[in-house]
Amino acid sequence: MIQHIEDLSFETEGEVTIRDLSEDLGRIAGGSGVATGQMLVFTPSSTSAITTLEYEPGLVKDLPAALERLFPKDIEYGHEEMWHDGNGHSHVRAAFLKPSLVVPVREGRPALGTWQQVVFIDLDNKPRRRTVMVHVWGEPSGR
Amino acid sequence: MIQHIEDLSFETEGEVTIRDLSEDLGRIAGGSGVATGQMLVFTPSSTSAITTLEYEPGLVKDLPAALERLFPKDIEYGHEEMWHDGNGHSHVRAAFLKPSLVVPVREGRPALGTWQQVVFIDLDNKPRRRTVMVHVWGEPSGR
Amino acid sequence: MIQHIEDLSFETEGEVTIRDLSEDLGRIAGGSGVATGQMLVFTPSSTSAITTLEYEPGLVKDLPAALERLFPKDIEYGHEEMWHDGNGHSHVRAAFLKPSLVVPVREGRPALGTWQQVVFIDLDNKPRRRTVMVHVWGEPSGR
């Protein structure tokens, strides 16, 4: 088994930015040398998350609406008492959505469904520069 | 380290079908040749999810009830404006529950708790034929 | 690639105990021999979960408050009809938060963000003795 490590880096526009990573992940898998294996996508942050979503304009509004319904921005958060940075809701949302996703790799590509994209979700309350870590491991082709 | 790949395939009855995968995963781990390692369980779909649950009749009703309370079927979803397929809630639920789970493998078996089963959850609003991808990697026995 | 397996064991105080595992995970990664790779953190239980959180006193109250808002302890759960152990809400919460997290390892350490800690969350309604499984795999240093 071999492994390959690569980072993605991009700017976001603050809450709630949903970014489709599928094209980048396809490129990384293709260049990794791994034919069959696994891919970890991880955001080293406590105010963002990784999941999958059909990336289309309707759902890109529906997901933030659900987050606001379940974890409203304007209720009281203990996090604010010390930090006063207005992003208590961002942290709680991120703990529920989680920063990590492992996807199968087959034929040198992330083995996603037809309507399934891997997305990065910025939950923080201001624009940020973000880095996403991608680790691929598995068997190379020709074995 | 070695790896082993296998798919599961089954019919579901639409929302919300919860299927216990534990027996299938035990069989796959046992036949994988891996004694100690890891197992990825992944649904390549944007309207289903993988998690763990004590699979008993009460919780099999409680989990759908919680989904309906948090992500009601009958509120407005932007997804409907273009697609009109009535499953906006299915997509949002799936993005929260996520399609991927990694479980430890020990002594050739998924190392789950006594009351803990790996479950597939079909969140779509109609019966579907589903495929679940299972990847096992780790050290073979005798090493 | 090599792998290393280790367990953590500790007592909790019942719901909702949030325990910062970062120091333990740093020690395990450091002793694993893996320089670059991945780390699986898994709780073999249906009433606890693993995620990341900025571990500070405000959020340690905000996360249980969100859980109680979304999955109230005092509504009816089908789980109670047979089991009468008062922890239906614990099971449903655990199915949403999930028992598994995979984190990148770089330079022999979990590659977490500055304000991001890996936490164990006990969702059960009484104190418990818990075991968390940690699996590390990847390339050793010097390769």
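Each chain gets a letter, A, B and C, in the order it is written, and its residues are counted from 1.
Assume contacts are C-beta pairs under 8 Å (C-beta built on N, C-alpha and C of every residue); 3 or more make two chains touch, one makes a residue touch a chain.
These numbers were taken from a predicted model, which means no experiment stands behind them.
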| item | value |
| --- | --- |
| Equivalent interface positions on subunit B and subunit C, same or different at half | different |
| Fitted rotation between subunit A and its twin subunit B in degrees, CA, nearest 5 | 120 |
| Centre-to-centre distance between subunit C and subunit B (centres being mean Cα positions), rounded to whole Å | 19 |
| Multi-chain contact sites of subunit C, meaning residues that touch two or more partners | 1, 70, 96, 98, 102, 137 |
| Sites on subunit B touched by subunit C in the complex | 1, 36-38, 51-54, 56-63, 65-66, 70, 96-98, 101-104, 106, 111-113, 115-117, 119, 137-139 |
| Subunit C to subunit B touching residues, read off their complex | 1-3, 5, 40, 42-46, 70-71, 77-83, 88, 91-92, 94-96, 98-100, 102, 133, 135, 137 |
